[in-house]
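Presented sequentially are two complexes of subunit A, the first with subunit B as partner and the second with subunit C.
Here is the complex of A and B:
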């Protein structure tokens, strides 16, 4: 580790992809993860790329960022395959938003009209039109909105590919190696402490998701206001008799079918701090709502129940930013959009570090907005 | 292994306890299990001892056997503790049968009257009386029946204790060692085959639960008519704010709280052959019905989901029997009563083998009734 090395704290998709892009730009990179790389929120995700489904009424800048990132995904996936040999299963079958009762149908109508107004590509479907496109849908479905341009990837393959790509490009990933604190001297990063020992370093990217706020040694003015938002998520196994191709989303649950036969069904959204366990109620909620929308899941094997912590900032938007501390960069707060925002976060953060200033696109996501 | 050794096929509670009793009577015993001992149906059980709750309208002989076995439990538990040092948490707080809606209340009334008629100790409770005794019960509970004499043990401790006791008494447990076939010569047991090699042996106890019917080498007239009845069962973890003491049973689910904080909630009853996986629908069913009866489970950690196979005979009653093949004994078909029937099965089967004839109590459970 020499003077020019960039230390990245957090080996999820955000930390890994930033590291990989920095490596592709000739930098030296060391990535630290307190556990196995990529096994926190990145692993416990459905891999949906859903800028249109997720578009919020007052989040135009985030919508732009999301749309930019999904546009970058094909190139990102291709570069990643070159460097890793791993296909991340970028799938473009599209997404269907569904309403299983009258309340949800009214809600869906409002969401549809908002998207039409801001000229996002969406198509209104009756219940029977929806079932024609996706025969596993319940006959109770009232209506649906077809979103041709919301896609998905296999998030676990994405993690494995990023790990391979980082290694191939000469980066080092230190697993089970928590960074205990960062040191700041004269408003500049001066080191990080690992196993009780301080190492000199000039540049640090804080990318440890929901844990970023807790990093010791951060001056208060650069402590990112993120908190964990607990999510419980299930993995079912599709059978010969039951197959979904498209991503389905009701206001309560979503279904993301993967090429290898896994069907990811999620998720709860809970303010429970770092409560690590699945609960009877959380699993009950997901299974009930999922069965309501797609009754055919009843007989499918339940393979996994996972818990993850979405890093959510005070305004629910990401922080992709330099800071008042020289050499300290922050990439967290991706909330429900971590997988989707991986390419744009990686490219833009590399840009901020290498050009020493943020682009117009990324400026709204500065840490300074919370002052 | 000499000529007098008794080979027991199946290392669940039935096989282990028979082996242990034979050892206590001076026999030499070798127990074979295709997996880890005690990890099939015995492990995936709630440990309820419920002769009164489970009493069926046309099963008087089984009721007698069940009542005899629960009467033997204190002595059995004490002997087991002497030999193993392990306490099986024999608990006598009693059991409450509950009705969460009008249909269930009517059903419960019939069950109550049947038990009164045959002079089993039961007490009718209103919904509010039931909630006084068990405050975690839902306010929706219509009525309940108090059963003072249905108890429970910790089935996993029972397994561990039996394993220790068998070893302490000089028995050998061969784990991960399937018996591939039994050999019968001139209507007598002559050997068993393990790892392709036949060993001479004169006495065999077939006690491998739902798998007993599949044993190779059995003449058709001694092949026990048992099939697997799949059960899915959950383990929740009780918290400081949530504690149950008693066993609760609705017509749909039961709750068995254990001393170590586990709360066993079960179970599905499914004719799915040896389908080994939990399903979305099975878990949904248990959680919904359980939440209906005891809403406070909502926030409890969901720790385990397990699948087991109850060995069920053609008439749902156990087979505890000698056979037309000399030296072949069968103990299977315990269905929902395996833990409860462990003591009586062990004592009676030892009696059959050592005295060469069954007692009056056990005669109705002969294999020959299926002829």
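Here is the complex of A and C:
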């Protein structure tokens, strides 16, 4: 490691993809993960790319960023395949938002009207029309909204591809190697401590998700206001007789079918800190709501019950930013949109580091908005 | 405008606001501030009492508001009692908004379990604020047991259907002397005004603000609605009449043209 090396703390999709883009731009990169790379929130995610279905009433800047990122996905996936040989299964079958009862239909109507108003492509479907497009839906479905441009990827392949691509481009990934603290001297990054030993380094990207706030050595003014938002999520195994193609989302649960036969069903949203265990209530909630929307899941094998921590900032929007500490960059707070925002985060963060200034697109996501 | 008093609390604001379902913590804090509330309620089972991180929901609200813990999500007296005890230990308050849910579609309260939990918690020194039906006899019973207030629903939790049975609320007002707070059902500002005009001492709500398209604006609207409803109640409205009564007196000024 020499003085020009960029250290990235956190080997999830955000840290890995920033590292990979920096490597492609000729930088030297070392990535540190306290565990196995990519096995926290990135692994547990469902891989949905959902700028339209996730659009919030007061989140216009985030919507812009999300739309920009999904636009970048084809190029990103292609570059990644070049460097890794791994296909991330970028699927463009679209997404259907569904309403299982009268109250959900009212709620869906409101979400539909809002999307119409801001000119996002959406199409209103009756219950019967919805079931023609997705025969596994329950007869109870009242109405649905078709969203042609919300896609998905296989997030686990994305992680494996990024790990390969980083290695291929000459980067190093140090797994099971927690960075214990960062050192700041005269408002500049001067080192990181690993295994009790301080290494000199000038540039650090803090990308350790929900744990970013807890990094030791950060001055208070650059400590990102990030908390973990717990999610429980299930993996079912689809059969020959039962296969979904599209992403389905009710107001309570979603289904993301993967090419390899996994059906990801999630998720709870819990303000429970770092509570690591799944709960009976969480699993009951997901399965009950899921079964109501798609009764055919009843006999599917339940393969996994996972818990992840969405890194969530005070306003649930990402922090992709340089900081008042020279050489310290932060990329966290991606909340529900980590996989979707991976391309734009990687390209923009590489831009911030290499050009020494943020683009107009990324400026709203500065750490400084919380001061 | 007069103050709201219950237990050892004296509140200038007659609005108690919940902390769930906001788009994000930043909007939650801004909405709570815009609502003018001094007391916010937190579902103890939805947070992690051991999480002392500065960004945890509990810590964010604790800094600026008094916290009224609630037992949302409890289906038995036993769970509710345990939750109240955990809340008292963790937050150092003996106030508890007591919810014991009897049905998970309507979230209507389970009154036998509620009475059981109330009895035990009162005996244990708690200041109990029970979420209950808009049933006058239940409310009277809870008040007589020693609850610091009664909190009947206006409509099911989160339904936004307003005050569905104003006559029951009026009877409850007549029958109980402790503060009467409508808990659940308010969907928009006018619902809050209606409840206050009926003589309620306060409003507790969550979804109406958190679920609005613009929560901060709605918080301000409901603040004003609660104030204006209360002022109208204190001012004393005119009686309803079937026929018009001219604002300027005209009797004697016009001679009748009808024949004798």
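Descriptive notes on the structure:
In the analysis below, the second predicted complex is superposed on the first by the 371 of 371 C-alpha atoms of A that agree within 3 Å, B and C clash if a C-alpha of one lies under 4 Å from a C-alpha of the other, contacts with A are read in each partner's own complex, and residues count from 1 in each chain.
Simple rule for what comes next: contacts are C-beta pairs under 8 Å (C-beta built on N, C-alpha and C of every residue); 3 or more make two chains touch, one makes a residue touch a chain.
Just so we're clear, the structure is a prediction, and the values are computed from it rather than from any experiment.
Once chain A of one complex is fitted onto chain A of the other, the partner contacts of A:301 are limited to subunit B, with no touch recorded for subunit C.
In the superposition on chain A, A:57 contacts subunit C only, with no contact to subunit B. When both complexes are overlaid on chain A, the residue A:264 reaches neither subunit B nor subunit C.
Contacts of A:48 after superposition on the shared chain: neither subunit B nor subunit C is touched. When the two complexes are overlaid on their common chain A, residue A:225 makes contact with subunit C while staying clear of subunit B. Of the two partner chains placed around the shared chain by superposition, subunit B is the only one that A:278 touches, whereas subunit C remains out of contact. Of the two partner chains placed around the shared chain by superposition, subunit C is the only one that A:316 touches, whereas subunit B remains out of contact.
When the two structures are aligned on the shared chain, A:7 is found in touch with neither subunit B nor subunit C. Those residues of subunit C whose C-beta lies close enough to touch subunit A in the complex are 23-27, 46-48, 50-51, 53-57, 213-214.
On subunit B, the positions that touch subunit A within their shared complex are 234, 236-237, 277-284, 287-288, 290-291, 297-303, 305.
For subunit A in complex with subunit C, the touching residues are 56-59, 114, 213, 225-227, 270-275, 312, 314-317.
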